[in-house]
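Let me begin by handing over the structure; questions about it come next.
By letter and in written order, the chains are A, B and C; residue numbering begins at 1 in each of them.
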Amino acid sequence: MNIIENTRKKCPLVHCITNYVTVNDVANIVLACGASPIMADDKNEVEEMQSICNSLVINIGTLNERTIESMILAGKTANKYNHPVILDPVGVGATKFRNDTVNKLLNEVRFDVIRGNISEIKTLALKSGKTNGVDACEADMITDDSVDEVISFAKKLSKETKAIIAITGPIDVICDESNSYITRNGNKQMGKITGTGCMLTAVIASYVASNIDNKFDATVKAVSAMGLCGELAIKESKGTGSLRVGIIDQMSLLTDEILKEGNKIEIR
Amino acid sequence: MNIIENTRKKCPLVHCITNYVTVNDVANIVLACGASPIMADDKNEVEEMQSICNSLVINIGTLNERTIESMILAGKTANKYNHPVILDPVGVGATKFRNDTVNKLLNEVRFDVIRGNISEIKTLALKSGKTNGVDACEADMITDDSVDEVISFAKKLSKETKAIIAITGPIDVICDESNSYITRNGNKQMGKITGTGCMLTAVIASYVASNIDNKFDATVKAVSAMGLCGELAIKESKGTGSLRVGIIDQMSLLTDEILKEGNKIEIR
Amino acid sequence: MNIIENTRKKCPLVHCITNYVTVNDVANIVLACGASPIMADDKNEVEEMQSICNSLVINIGTLNERTIESMILAGKTANKYNHPVILDPVGVGATKFRNDTVNKLLNEVRFDVIRGNISEIKTLALKSGKTNGVDACEADMITDDSVDEVISFAKKLSKETKAIIAITGPIDVICDESNSYITRNGNKQMGKITGTGCMLTAVIASYVASNIDNKFDATVKAVSAMGLCGELAIKESKGTGSLRVGIIDQMSLLTDEILKEGNKIEIR
């Protein structure tokens, strides 16, 4: 499956309703991976805009009353057209407002993929994760010891939501009801840049939109690709500023061949 | 005409009501080209803010009801003070909301320059352009074969709006009712960075504000300058992340002499 | 006092209600200096979010009616929990809306530090500063001749507000009612990047949150650190684009030792 080549060939339109913190990096990584981003978020146009797009990202990083309504309208439109919808439940667990919003979204929109850090996914799956603001709680971090337990609640969440679940961290877990993979690409410094999670979510939306019959494989490869870009970028970076620039550079150069060589994907 | 030197000397205040995707790059390129940016967008202050500024950018990239009102208030104020106003009709043609907003803006505000990609300008001129989201449609791209036709409808739009029309792409067209130029600076990779169009619009606003008696020349040179910065930056970039950084670097180093040597401006 | 080491060790959560122009750089510099940023700004969650954070930044760069209410709610919550609150009164003096908002904030919220350029602080202290939009007025710039006068009104403002006052420019002044320091780190090119002020404000919030018993020292060191990062970055930068990247790189590498060697802090 040439997931990346397909993305560059089809150049899907990825509609992102996302936070204003990392939105520029999200748009640039969508372009870098071969797709085309659209960031419209006003309720007067999200349905029409989504109708001409190929997938939808809903990221609640800086959610507010105005955009929640738009998220739901766009999500329902995407469902109507069978466009993949990807949820990034940034900071869920941190406030009641975020919890209520995610519940509302899960009730009204059907998601194809949910990507979050371990604390966010734990909150959704077990209604019990602790959060450290928008970052994962240290105590929650996936290790080789805890990975099986994580896979077990991720599968449960997948069963409930019918979505592919992608949990990112030092070890990444990608599950659906019956399959589970882990990937070990990436490096610790990526956590010192804002938006690596948001960017990955948008790469998933790009790959999945271009590989609609292989959503699971596209998701696994997106997770691995993002980590690999971090690994390749760190070699030439001087600090976190140039690492961020380098990740987008590497994504713009990435091919299926490079990913095939560098991926650290394991079936579980 | 030392368009760039004048800009660095006068350091005009450029008021931008723009989208939250590329706003940081817009502010940085305004500084890099010698002007000073102000991004106020609340209706309670846009008139007072515009009154102390030298030009206005209206960019509808992530338009919403709140900022449309501000755009019109700021635009009318700029008109009252004879400050140049530049329109960037991002994604017009993609949704009714964008079309209606641009019509409203064109009815209520007098624009000095309108800059867009070919699909956006075609939508305005012929009420018929197709869009591919916020990017130009491949089929619309200006080629040596189609350039005369493009100039013809750009002149028509200029006549209707009294604005200078700048259309950017592989070949750029700059027209008013009676004059037309093309520029061939730039490189294809610039389309893989979000915001090169938004940035150019703000550079036009900076150059025009500083060269108020030579708005047409200032617009032509801004278009060429932006493309040239892309050409110079690509030589040292590793991918799209560093290309974006490099464009701002090159703009901060640009002089009238460098532009004189590197421009690919042709009169038509 | 190992201000920086403490910050990296404690990794405080810094809640920023800030402008959408420089928000990404603010988040990245907070991470680079060892803290963790959260950008929530909706009135439905700012109180709960602030309750789990360690400090608060209020930056009025792109203020609007929606976020002003959130600023006050978050500010009162921070006061209740004794979390440090830092004000960045961007562009105060430019419009009545900004002046009224800052007055309201000063009346309803107790600030630990106020950081601005000379024109902004003059506006607050003397109700008479001139502004050049969001940048300081050339005529106001602190020189060796004017520094004593500046210290005098900064002390007055500190007495009125009970806040540490930090004024940045070619010479920086940091005062409370009885102490005053100047720092001479930095370089002129930093003024050609948007957001160096906003970033510094967030670094102050990070250092102060981690050194709660030494707020004054933390503020002085943050001001010096930001300038030093600019000095170190300029050596390897080609223009303003790479300077901006380099400042974040340098902040991510900064230690108390590097700051000890490079600081240009003087007691007055």
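The criterion applied here is as follows: a residue touches a chain if its C-beta (ideal position, glycine included) is under 8 Å from a C-beta of that chain, and two chains touch if they have at least 3 such contacts.
Here the structure is a predicted model, which is why all the values come from computation and not from measurement.
Peer 1: Quick one: label the inter-chain contact graph as line, ring, star, complete or other.
Peer 2: complete
Peer 1: Shared numbers divided by all numbers used: is that above or below half for subunit A and subunit B, i.e. same or different?
Peer 2: Different-residue interface.
Peer 1: Note the rotational component of the Cα superposition from subunit A to subunit C, reported as an angle of 0 to 180 degrees in steps of 5.
Peer 2: Angle of the fitting rotation, subunit A to subunit C: 120 degrees.
Peer 1: At what distance in angstrom does the C-alpha mean of subunit B lie from that of subunit A?
Peer 2: That gives a centre separation of 33 Å.
Peer 1: Touching two or more other chains, which residues of subunit B qualify?
Peer 2: Where subunit B meets two or more other chains at a single residue, that happens at 20, 24, 244-245.
Peer 1: Across the complex, what residues on subunit B touch subunit A?
Peer 2: Residues of subunit B touching subunit A: 19-22, 24-25, 61-65, 91, 94-98, 132-135, 192-195, 237-242, 244-245.
Peer 1: Looking at the complex, which residues from subunit B come into contact with subunit C?
Peer 2: 13, 20, 23-24, 27-28, 31-32, 36-42, 44-45, 48-49, 52-53, 66, 236, 244-253
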